[in-house]
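The following blocks contain the structures, represented as structure tokens.
Two complexes come next, and they have one chain in common, chain A, joined by chain B in the first and chain C in the second.
What follows is the complex of A and B.
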């Protein structure tokens, strides 16, 4: 009896320990970024490092929106950079649209391929092949196309690419959730007289909305943090936040402070989106209630 | 239910192939108005496929389906006015009980007031009035079953098709829900076609049973009749528990009397049966013996019938009876005895067979002779 209690106790301790270690590994860089974002330039890479800045400053944040301000210090370093506003607006427009488009197309394609084997059994696999090459392999041919179409440095170019490159994820993730909805539920609705579209929107969609939320968040993060394509296809007008981050590099080195500040600002929408969606992620998928 | 002979559903040469595999091969059937008909058979016998074809969820490869003598073979499911209760109930988990029941009526653009009235009506009938606002996913199994039933009833279908609706229940509850079903059927007076692989369920629920095997109809009839007069070896072996014993025997004539013979067994036949067997082309038969019809022979042998000596191989005691495996040569024969008859493994016993309780089948065709 005693030894069993002891084992349960050590089990719990080990579980917690493992959890804490994993969390630390993931959270430490975040905390570090947060810390740097409030540090003046002399403290960015000071040794020994300090978690709490000696002199807390908000100028890293101010300088994002007003380069050259405050005068001297950080302001002087990044006076040549564009205000972050444009990148922010671009990201805020491009990413949600591309994510929504990818999700809608992916979901409908997933429904068609799981329920009707539309396009044949291997169509979903073909879609997956778009992820089997590094995106850079597509970049050069796409550059040629987009130049011909006059889409270089436009939001539309990014929307098209982000939608296309994430459809494979949307399709495959939602497929799993759709397969989890027993066919008989749809058949019951059809017997009741509902049309296919009505079944899709009033029965299937509400049942997989948790899965769609999870997929949406995943795709959103992918698009929000995409750097390579944005770097290649934009120059001034359509730059996104990840590209903007790379601009805080001077002849003498990296401007860690503004980079960190932008990192913090850029993660706010993701955290907010994750928080909103969390409720749907947690609410279980209730199909397992009655076994097939 | 005016005319019990009137058929509400008629199947004519119904066939279904899935990728070259025959699921249902040429089924003819008349379902009577108001009856409770069970499709009974092992899994994969085509019973669910047949039910789904009646509902319109599968399209037949060949053959026709009639509902009240109207051809509905190619009609989409929603235009047939049949209710279907799925094995997993297929409730709309994300909706309240009320919305589940109202779904079909809303699709049909029924007036809201009328929807409300009808939903409350079926909810009262199936004791769901208390849970109308509860989400379907939160219900217990018995309530789920009632919601599934109520949902099919809400749109007032001509026929109810039920696909193994009791499969998910643990044994105790299963028997209770079986009783419920039987009661509903009486209350509702609906024609019900019920698919099951559980013979006990079919026996208790069905007015008639259609025994199916490998996509074919083996026998159609009242439960008692099928048990007492199985049409062939398959039905004989499938219905009844423990299963009927089969022994290969030869028919022989010895003077006036007919005899069934094999190693260790001689069975004298009554005159009428002898005459019937004589007119057959083959004397190679299968003797069918229900375990319940065998008894331990006390002194004296019967005039008709026979006695064989066997060794007890295994005794399985149950509450009020025991199932005994006997060894007759290489064959194992099961018999059911009252629990108060003490028997031990390796006991030698004499077992009596009553000639008027035997079943006989043609060994080549499998068809029942008697």
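What follows is the complex of A and C.
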């Protein structure tokens, strides 16, 4: 009995230690980025590297939005860089609109495909093909006809693509939530003379509200982080945050401080959204095929 | 049918109106359903079906934007673009690298994820906090993960600092100048970001398994490994397959990390297939050649997933 107790105790301690190590591994890269983002230029690649900055400065963040403003010496260095304000405005316009559109269209289609098998049994599976292939494969033909439609470097082009390429997630996640609503409730309302629209919006919709919110936040994460399509279809006017991040890593080169600061700012909205829907992350990434 | 005066005398009329009402209801249902899926159908036509038709057409012509003619006026090349692919070593090398990422990253993510999931099956202090900490990498933008690992592996970055502390000042490694090491850092970043996904899915899969078979096996005297290998693993198989198929498809697309961390370099030694098609189509401007490569990829992925999905459908 004693030895079993001891074994259980050492087992728990070992698991706890492993937990700490795992935590450290997953936290360190982000902590390093955070640390650099608060360092003045002379500390960016100082040797030996320090986890906690000697002199904490916020000028890396300020300079992102005011490149000409020489704050703490950083500003003068990056005065050539473009301000990230435009990218932020674009992301803040494009991502919510595309997310809302994807959610509405996905919800309507999910309802029709689960309740009436509208479009045939294989339609939902067919929608999954939009996520099977590398987006670059679709980007080739899309570029050709978006150019013909005059959509290159516009927010509209991104909204259309982001709506379309997240519809598979909106459809499949909300399907799961709709299946959770008993059909008998809807049938009872229909027998009482309610129209199908009424049933959908006053009975089903309120019951899946929470699920829709989770789906919406998940799609928001996908759209906010999308890079390849934005990189191809925008050049100046409609660039988004991830494109701006890549500009900082590539062109601005050695300006590690602002680069890190931009990484932090770009991550905050999605990490917040992700933690709100923690429980649904697996459901999201597996199209609802695996539920928690 | 029935004698007159009976309340059900007009049965045939009643049946007719019932039928028409039923038909109306079905019609209404069908109409309603069709209406609801129409926006999605339009999007699918706009972003999936029409582009697929265009990409196939483009792959059969010889067209580059700089030719000055519109793409529908370009001369036919028939299968010449495809023939070119088969002699294009850079294409096959890029395919090989993307597959390498799928195997190396996917395999390690699965192994580490499963290990963590098993570790987390028992309680220990702080488990909930650790679980939430593990989650966040998969929410981050890929470009930010690339940026973080780029900063970690800089010549004068913390990784090299730790190495020089352990192995002396000669241990500084130029991570992004060596093809194999550069690829390694990309795979490492992918593992760091996506192990949480496999962990989470396996962890919730393990938690949802019925307890009885395990207890039965224990009563029969099976040891831990036997129970894991012959009881737990087979029950977990459907979840594992879904997770691996989804992760493999995603890992094959790998672009953002490469673009940010190495730009495909040194040379073209870390160029994945997404990056190569991107360059051919959008940097070199050879759109019809890029289209042919895209079509080939579509065909290959369709074939591979058909085989991969079969066991899921059967299971």
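By our rule, the second predicted complex is superposed on the first by the 219 of 292 C-alpha atoms of A that agree within 3 Å, B and C clash if a C-alpha of one lies under 4 Å from a C-alpha of the other, contacts with A are read in each partner's own complex, and residues count from 1 in each chain.
One rule holds for everything that comes next: a contact is a pair of C-beta atoms (placed from the backbone, for glycine too) under 8 Å apart; a residue touches a chain by one contact, two chains touch by 3 or more.
Everything numeric here is computed off the predicted structure, so don't read it as measured data.
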Which of chain B and chain C A:149 touches, first, second, both or neither: neither
Which superposed partner A:89 touches (first chain B, second chain C, both, neither): neither
Chain B versus chain C as contact partner of A:127, first or second or both or neither: second
Winner by number of chain A residues touched, once chain B and chain C are compared: C
Which of chain B and chain C A:191 touches, first, second, both or neither: first
Touching partner for A:136 - first (chain B), second (chain C), both, neither: second
Doubly contacted chain A residues - partners chain C and chain B: 286-287, 289-290, 292
Residue ranges of chain A touching chain B (in the complex, touch as defined): 182, 184-185, 187-194, 198, 203, 206-207, 286-287, 289-292
Chain A residues within the chain C interface of the complex: 11-12, 15-16, 18-20, 22-23, 25-27, 29-30, 32-33, 36, 45, 47-49, 104-106, 108-109, 111-113, 115-119, 123, 126-127, 129-145, 160-161, 163-165, 167, 171, 196-197, 221, 224-225, 227-228, 231-232, 241-242, 245-246, 248-250, 256, 259-260, 263, 266-267, 270-271, 273-275, 278, 281-282, 285-287, 289-290, 292
Touch list for chain B against partner chain A, complex: 55-57, 77-78, 82-84, 86-94, 103-104, 107-108, 137, 141, 144, 151, 155, 168
List of chain C residues in touch with chain A within their complex: 28-30, 32-37, 39-41, 43-44, 46-48, 50-52, 54-55, 58, 71, 116, 119-120, 122-127, 129-130, 132-152, 154, 156-158, 161, 192, 196-197, 200-201, 204-205, 239, 242-243, 246, 249, 252-253, 255-256, 259-260, 263, 273-274, 277-278, 281-282, 287, 290-291, 294-295, 297-298, 301-302, 305
